[in-house]
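Worksheet: one structure, shown below.
Order of writing sets the labels: A, B, C and D. Residues in every chain begin at 1.
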Amino acid sequence: MIVPLDEAVRELVHDGDTVALEGFTHLIPVAAGHEIIRQGLRDLTLVRMTPDIVYDQLIGAGCARKLVFSWGGNPGVGSLHRFRDAVTASWPVPLEIEEHSHAGMANRYVAGASGLPFAILRGYSGTDLVENNPHIKTVTCPFSGQELAAVPALNPDVTIVHAQRADRDGNVQLWGITGIQKEAVLAAERALVTVEEVVDALDPVPGQVVLPGRVVDRVSVVPGGAAPSYAHGYYERDNDAYRAWDAVGRDREAFTAWLAELTGAGAPGAPEPAGRGL
Amino acid sequence: MTTATWTSDEIMTVTAARSLRDRMSCFVGIGLPSTAANVARRTHAPGLWMIYESGTLGTVPDHLPLSIGDGILAETADTVVSVPEVFNYWLQAGRIDVGFLGAAQIDRYANINTTVIGDYAHPKVRLPGAGGAPEIAASCREVIVIMRHSRRAFVDRVDFVTSVGHGSGPGDRERLGLRGAGPVRVITDLGVLEPDPVTRELVLTGVHPGVEAEAVREATGWDLAVAGELAVTPEPTEEELSVVRSLTGAS
Amino acid sequence: MIVPLDEAVRELVHDGDTVALEGFTHLIPVAAGHEIIRQGLRDLTLVRMTPDIVYDQLIGAGCARKLVFSWGGNPGVGSLHRFRDAVTASWPVPLEIEEHSHAGMANRYVAGASGLPFAILRGYSGTDLVENNPHIKTVTCPFSGQELAAVPALNPDVTIVHAQRADRDGNVQLWGITGIQKEAVLAAERALVTVEEVVDALDPVPGQVVLPGRVVDRVSVVPGGAAPSYAHGYYERDNDAYRAWDAVGRDREAFTAWLAELTGAGAPGAPEPAGRGL
Amino acid sequence: MTTATWTSDEIMTVTAARSLRDRMSCFVGIGLPSTAANVARRTHAPGLWMIYESGTLGTVPDHLPLSIGDGILAETADTVVSVPEVFNYWLQAGRIDVGFLGAAQIDRYANINTTVIGDYAHPKVRLPGAGGAPEIAASCREVIVIMRHSRRAFVDRVDFVTSVGHGSGPGDRERLGLRGAGPVRVITDLGVLEPDPVTRELVLTGVHPGVEAEAVREATGWDLAVAGELAVTPEPTEEELSVVRSLTGAS
């Protein structure tokens, strides 16, 4: 259950998989994303409501053939330039996109977690998202006759999240902004959770979400594994790192150098060096 | 009373803040909307109930968050809920008075584009995308847009409708099943635009001090109508400016 | 916002209303139910997943013309005899019933809380509930073609729940088994919450649900207001009282005597005498 | 080994407990199922993961709860979730190995009635109703029913199908879109019934010590088939009996 990160990624993530690394600003599983880059995985369908810089890195490294998302940007800073380059110039490989709203993505995960084939919501109506995404349809309420948006369930092959703590049985505890992590884990075929620490007992914390060990396949201990995002109660968001990414991401050469450092400095199997590095 | 000097961004923020009433519930987008909402809460609207889409309900951050999910939002919230819950139980259910949005492009019917400039399949510029905006624009009782004025941003027709304003005119929101009133005000660094009650087309209804209507028309990509009685924004007060500057870090 | 219980009931509940008193074994708003009996409200459509003895009492007192529910019984003891008597012998007045499963009722509240006209679930298929309830239909998934059950949203005129605490602004905090209370309150047009106590600040508690004051119309302070059910952290379930109800509920005369005592001893306006009495 | 004396309820409970395997997830109904599940957890299945429909996941109560939502269930659970969540995220999603149900009536195809005896509109006896049972019977990987044997309870056709067992025979569950295997075992105070692999009709496959097959047939409201090799339930062990008695308060 509790294994090193490189082993967990090797066991759970395979070329061609649909992979969701979730975390809504908080608790983004950055170290796990870097391990995917190091292992050179390819043809992934990457899923995430809010792809930010770790997805920019995965895309720039050529791991993805498709991105399913609702908002892609560097929060508070600007655009994702590796994402732009892939979409507009197919560099380093073409990137197909499937685009939703947050409400649509959230409900797709809810349907996935609930064992339903689709979800209904009031959404999308009148937007150009509809004609550019075959996965947005409508259903009619059999009681009121109202027409509502329908989106298919999202069931990733693997979901990866980061959490504050786990116990030795693989029960996972996270708190603060808990976003869509519970649904993303429950919707997935397999789940990997990186944690700040393993403890003997998960003392209850207000606002906690507990993911029972039976829905978690692997836990890896990666202190700082969410940086430069943050882990509530452990460390703050490194806003400077987000700002600094802008210059690296803008430039293919700067990015290539960054990538060489990530993959060269840490050969597959080696742990994330500092745990918090970009 | 002495008149302070202020920047066009500052008066935009102050004007947006003033449009929020105390005790309103407000779904806050990051960036300019977040700044304006936090100014309102520290001036005339101490009971403003701010929701960020990360699930923080009734948050009272002591500084401006950089992202929509900064820790300070969770620490100071009345309660933190999951992302499905904020969208389904709070936004979709019609509980939010005002949605406060930014935009990359807006058109004469206040439709909003935050997706692409150019063609969707072969974009000139790829923007971040929809986020929560389509449903904020659909379901909040009203929507206020805050963005800087330019011909590139204020266009006759947006390249991509990410979020519906008034569609292509009267009756469109009803036809589309959108339950809120849609954009009631667009606040820029030059002035204020509001939809004509009949045609739903945006009309210039106010300018900031020192701004000529013609200058706003020139910065607009369609033949912008000007209201018969054009309001002039009252100057920012010392208090408003000091709050804006303390929040944005300007001295 | 914070008013005596009799005033709150008078302001929020009216003859003919659809009223949900929720609480899944835990935190049942018994005192509020008794106040409804005392005020002699009539023609109510009573809604509740698990009507237990307080609904038996409301039905026996003739407050209800219809019951919408999924499991009606005296938990761990047996049947509800006032409910049976109303259904099978129209005593004291006829009782119409609309019957669901728990999953159906829970999803009806979720749809109501979400501003959706209906909910979908995998449920009811093959059961005789379907032909005896016009509010169970089907929809077809527009992606997979699968057929699913559809149930209409539940939006009570008034929802009443009991909680451990509120602050002076009417923010409400409950914890332990939190059941369907959040959804029932959010689905309602108006909401009344009885609480054990009002405090200056709601210190966070693990497992808490917080209902912001803006979705609560009235708070009434009724210590012991959930008895003989329980309030986690305040008092235990009075199992003997549940067992003792069986004899009272079985017999019209014994019930009538109980009712006379409830309504006579406490004239409208008087507070629940001991707070915990049956 | 000495043979303890035991009641028919006790051997029913012990037999039901034995049918649970360690580490299984089990959706537990109140009453007999809850007793049996708690016996299993205290004997051969310490890792049994019990869910009650009140939302308590992985609960390990130190005494038997009287209701489905007693405080002890919340206090000792791995986590407590809302009622929609337990039904949607846990039960409907197909995560539960075994649903453990009681019944007022059951028929030859293991369909279950907990709603009415007699006609629905004019019932002879009004029972509590469905609760969680229809979806437990639909979605758990398998279902085990525990109830006392009598001709009134074991009927040819239930008066009301509250929860579908095997419908009217082979292929019905698939046709109805029910994803679990349905009832695989009915444990009574006389013996054990299991569906015939082909016809799906309940067959007597085991009797408790001292019970004749004919006695079970007489207590059954249809022409109950008896398996060629009829198992006899092993006697309850001293440990099993002592656990049952400590839980139920019998001495």
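To be clear about the criterion, a residue touches a chain if its C-beta (ideal position, glycine included) is under 8 Å from a C-beta of that chain, and two chains touch if they have at least 3 such contacts.
Quick caveat: nothing in here was measured; it's all calculated off a predicted structure.
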item	value
Set of chains whose contacts include both subunit D and subunit A	C
More contacts between chains, B-C or C-D	C-D
Rounded Å distance, subunit C centre to subunit D centre (Cα mean)	28
Rounded Å distance, subunit B centre to subunit D centre (Cα mean)	58
Rounded Å distance between subunit A and subunit C, as computed from the means of their C-alpha atoms	40
Residues of subunit C engaged with two or more neighbouring chains	115-116, 121-122, 146, 182-183, 207
Of all residues in subunit D, the ones touching two or more other chains	88, 92, 139
Pairwise touch network: line, ring, star, complete, or other	other
Pairwise chain contacts, counting only pairs that touch as defined	A-B, A-C, A-D, B-C, C-D
Subunit D - residues contacting subunit C, complex	30-31, 53-56, 65-71, 73-74, 80, 82-84, 87-88, 91-92, 115, 120, 122-135, 138-139, 160-164, 167, 172, 176-179
Footprint of subunit C on subunit A - complex, ascending	115-118, 120-122, 135, 137-144, 146, 148, 150, 152, 204-208
Complex interface listing, subunit A residues touching subunit B	24-26, 49-50, 69-73, 75-76, 79-80, 83-84, 87-88, 99-103, 106-107, 109-110, 121-129, 132, 146-147, 176-180, 182-183, 207, 209, 230, 232, 236-237, 239, 242
List of subunit C residues in touch with subunit B within their complex	113-116, 171, 182-183, 186, 210, 212, 214-215
Subunit D residues within the subunit A interface of the complex	25, 49, 57-58, 78-79, 88-89, 92-95, 139
